[in-house]
């Protein structure tokens, strides 16, 4: 992993501000909707974040995986639960998911090692 | 939808038998693993089937969606919960998910209407 | 093509109503946003519909292609322009786009033959 | 399978003529290049068609799979070899490949049953 | 962004030379066709580059996005037009496009800051 | 390329150990199956690794490409054969494959330059 979690977060924050600041209403509403999709409803945020994680894994989006790993950790997802989410993503998405799984494991170690 | 749920299931059963009967050990073990991935562990089967459904939705695999819709119904997923799984899949995967969402809704109506 | 344009439109209308009627606010807002994205701004609707068509083509979404083919026709896109949009989509997306291009051409003939 | 091999071939031939007849030089050259890619060189056509089949499988393009299944049969690919190509495609691409594998097996039975 | 625009261009130029120098006629003709697809015809190069940009965005190819961002800038695409291309790509491709949109915005700032 | 082949291999080995050490039986069996898929059968390992390479190329997975490039080199794949595998992948997958082809060529040079 060439980018630390702090660098990831800093770049993410800076560019989100740049995107939202550009003033395109469709984009800004999409960002609001993206936030809304994970708010608790019939399903809790914890389950929704797990859905977001497995979707990110099978679509092979490293930054999306990192984001949902962090959010899942905040929601109290356990190590065993992470492995089972990973196992579903791996079986659904196949061996091309493996490089993303390696980076997900490295990120998870990084997330777990933070105070 | 040009294929009914019964036709879907009949074709699925017949071709699975054909595939497994061809005797390729890697393929047969993959099918066993695909079954195993949804068995209860740290996460229950209900949650795992929801993970399978959202993964199928963002990967835009109609037959996979149909299969997990049926399994989710068997696990007691409610209409509101389906909508929230769909909403996560739609926001993650974008408007190209919509045609699959239409077919998912038609399938769900079909599943719900069965005795 | 096993489904006519009329059948496509009827299924699309019926299932959109079913989806929107399910009352999930995230999904309903996404549909509104999907409509909004093609409204005229710095780029005209004609250009935006061409963007939607090429995006649908490289993502290999037949129903999305059909929808944007119809909309492009309404915006006065010429046969030569369609071919150039197709050529960009084909070169970007490769030979796996060809089956979708065949169906797009059949749909275009159908669109052009309507009174 | 709602479309027979004969219907598949008839639609394919008719629409290829329509596409090539539209006179877009980029598209026409792409079709020539697509043909050229499978001609014998350092690798024989048999191996190249196997490459085309596995690529079509992991990209989940049913019509591409059908085409390369037919071509592989013409090149003398055996049932055991087909299964091994399928097994690589399945492991690389994951369980979302399975519905395409079912249709591939049905097509293969159809190809094998032709005089 | 760990790679500057100059590094991107240098690597791109060096490896294109390496690829074309390897002497595979199919590959070399594909590169020529890729160039040809954006030449003016019924649609101008400006529109075609916008098509290339949105296609690259929904296919989530950072290097392709960078290339078309540069070409669009050369064709005089305005900041507002970029945002509208981004908005179509985001709605079509969903939230998994967002990390690529962040990098696209950073690249656009880099392109705009060059003398 | 910001990561050398040695760094790639070191990260790959370390994270595979981390993944397998986490003790999820589905994941561990998938890794075993992924190994099994390339063992000689009706097709030799050399052909299967070529299948793995072209599948990785069209799915645009750089790490998978690197892995199969190394394995193909061990199986004695020649430069001309690599180019023909690349040409099939490029025509099937389109111009979005090109950035991955550039990195594949750089990796191949690195593989070839090792003692």
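By letter and in written order, the chains are A, B, C, D, E and F; residue numbering begins at 1 in each of them.
The definition used in the following text is that a residue touches a chain if its C-beta (ideal position, glycine included) is under 8 Å from a C-beta of that chain, and two chains touch if they have at least 3 such contacts.
What you are looking at is a predicted structure, and each value in this text was computed from that prediction instead of being measured.
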item	value
Touching both chain B and chain E (chains)	A, C, D, F
Shortest walk length in steps over touching chains, chain B through to chain F	1
Superposition of chain B upon chain C: rotation angle, C-alpha, nearest 5 degrees	120
Most distant chain from chain C by Cα centroid	F
Chain A and chain D, separation of their C-alpha mean positions in angstrom	36
Chain D-chain E separation of Cα centroids, rounded to whole Å	30
Centroid distance [mean C-alpha coordinates] between chain D and chain C, Å	26
Contacts with two or more other chains, residues of chain C listed in rising order	2, 26, 30, 33-34, 37, 55-56, 58-59, 64, 80, 83-84, 87, 90-93, 95-96
Graph class of chain-chain contacts, one of line, ring, star, complete, other	complete
Sites on chain A touched by chain B in the complex	33-34, 37-38, 41-43, 47-48, 50-52, 54-59, 64, 78, 80-81, 83-85, 87-89, 91-93
For the chain F and chain E complex, residues of the former touching the latter	1-2, 60, 79-80, 83-84, 86-87, 90-91, 95-96, 98-99, 101-103, 105-106, 109
Partner chain B, residues of chain F touching it in the complex	25-26, 29-30, 33, 36-37
Touching residues on chain E, where the partner in the complex is chain B	58, 90-97
In the complex, chain C residues that touch chain B	2-3, 11-12, 15-16, 18-19, 22-24, 26-27, 30-31, 34, 55-56, 59, 61-64
